[in-house]
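Chain IDs A, B, C and D follow the sequence of writing; residue 1 opens each chain.
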Amino acid sequence: MANIKKMLNAHPRRSHVDADAFAKCAEEVSACAQTCVSCADACLAEDNVGPLVRCIRTNLDCADVCGATSRLVSRLTEYDWGLLESQLRACVAACRICSAECDKHASKHEHCKICAQVCRECAEACDELVSEVPARK
Amino acid sequence: MANIKKMLNAHPRRSHVDADAFAKCAEEVSACAQTCVSCADACLAEDNVGPLVRCIRTNLDCADVCGATSRLVSRLTEYDWGLLESQLRACVAACRICSAECDKHASKHEHCKICAQVCRECAEACDELVSEVPARK
Amino acid sequence: MANIKKMLNAHPRRSHVDADAFAKCAEEVSACAQTCVSCADACLAEDNVGPLVRCIRTNLDCADVCGATSRLVSRLTEYDWGLLESQLRACVAACRICSAECDKHASKHEHCKICAQVCRECAEACDELVSEVPARK
Amino acid sequence: MANIKKMLNAHPRRSHVDADAFAKCAEEVSACAQTCVSCADACLAEDNVGPLVRCIRTNLDCADVCGATSRLVSRLTEYDWGLLESQLRACVAACRICSAECDKHASKHEHCKICAQVCRECAEACDELVSEVPARK
């Protein structure tokens, strides 16, 4: 079992939320943040950086937005659904832009292919957690 | 002049955006991120932490969301207005929740009073940058 | 295979370093950062926060130091061993302080028990990567 | 007065440390983190990215290390001098490498010239705080 799932199951307020849904999302955004840091760096090391400038920018943004989202969904104490929903929506936006851009370079660069897929899965996990929000408010 | 203003004025793509509006917002979110880290820590050191638990949580969230926003608005290369708007809205949400919570403790704790004010100014700066978005799309 | 391992194996400069050693360390520091964010939050939700104040502080520090370290070891392009070694040593220090503090509360709080173990494994992974440094200089 | 100085002066444990020295350092590392994010982005927008690849990498590392350091020195509760010293040393290393690299491009790119100067001032501020450490242990 992933560490974050064990942690949220051991949280004193685990019963207030669907801790597994939070853990699933937390795992994905954390993996996506790291993947995007790495993809920006791999793009930077390619022989011809020019066509990858937009990809590097979207990778860096996606890494930062996923990093902040990862911290929010790793906390269960006194959360605010409105903020959570708002940050998750920003995260979905970042992941969709990044996966679309990485897809353009996927046939040439394996790191972009992997990153596009990771971003897609992350957007889905965030979308799923957002879909839980209205019922909770 | 603040460093970030000098930096954005020296950016090769400064003419594509209102660099001063970006710099103003970047300065505020960066200051707000640091203020919230400090307020969470000051709350934690108070004799009776119990009534400050929600304040600490909102401070930590606001610090993380402002931190990510600070990085996005410090970049001018190949930006995406949709993502920028989405992250700025999450930042406004975080700052408003945090200033409202800090206001409750402002009469007792000077650090909460200062933090509430910094969060309010940050929300305004983000709102102003959002209001620039539609014209640019 | 973990995403970061796949990413570093697809990196244009993978042959310059032991990409697997970097991937192993990157995975651990990223998991540790998230675990520490969660442990700080779980401590904050306990009935009696007082005895956990120092634990929350060390968790927050460890989360931040691991987060930065995670980004550095996820990059292979034009790295600087001196900086890497220096940041890895700071990360080992953060993880050891945090695991020692969490150990004190492990019998009472399952989240502290898990976190202590994750920090210990993270310190080991960072130590191992540091031990590779002299041979590379 | 800068916000962080006001905050640390309002902290319940301000008398345990030289709060002004912490505030000075916190201000510098926060400004340096943002400046480095911006310099990496400005380098990425230059016509010929190739000669700036190492500069972008050092900027990104310096931004991350300064970001984590900023959070540590913004906290006064239950700090650990050993960890603080270790992270400040990593920060000095990051700033020196980054200022040296930016200096190489300073005659061509104003953003690198500004960034080199900001990194130098940040390294000095961290060095000064480190020099306070032995007396405190």
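The definition used in the following text is that a residue touches a chain if its C-beta (ideal position, glycine included) is under 8 Å from a C-beta of that chain, and two chains touch if they have at least 3 such contacts.
Note that the structure is a prediction, hence the values are computed from the model and not measured.
Touching chain C and chain D together: A, B. Ranking all chains by how far their C-alpha centres lie from the centre of chain C, first place goes to B. Interface comparison, A-C versus B-C: the higher number of contacting C-beta pairs is recorded for A-C.
Between the Cα centres of chain B and chain C there is a gap of 27 Å.
Averaged C-alpha coordinates give centres for chain A and chain C that are 19 Å from one another.
Among all residues of chain D, those that touch two or more other chains are 41, 44-45, 53, 57, 60, 67, 71, 75, 77-78. Touching chain C in their complex are the following residues of chain B: 40-41, 44-45, 49-50, 53, 56-57, 60. Of all residues in chain B, those touching chain D in their complex are 2-4, 6-8, 10-13, 26, 30-31, 33-35, 37-39, 41-42, 44-47, 63, 67, 70-71, 74-78, 109-111, 114-115, 118. Contact residues of chain B toward chain A in the complex are 53-54, 57-58, 60-61, 64-65, 67-68, 71-72, 75, 77-80, 82-83, 86-87, 89-90, 93-94, 97.
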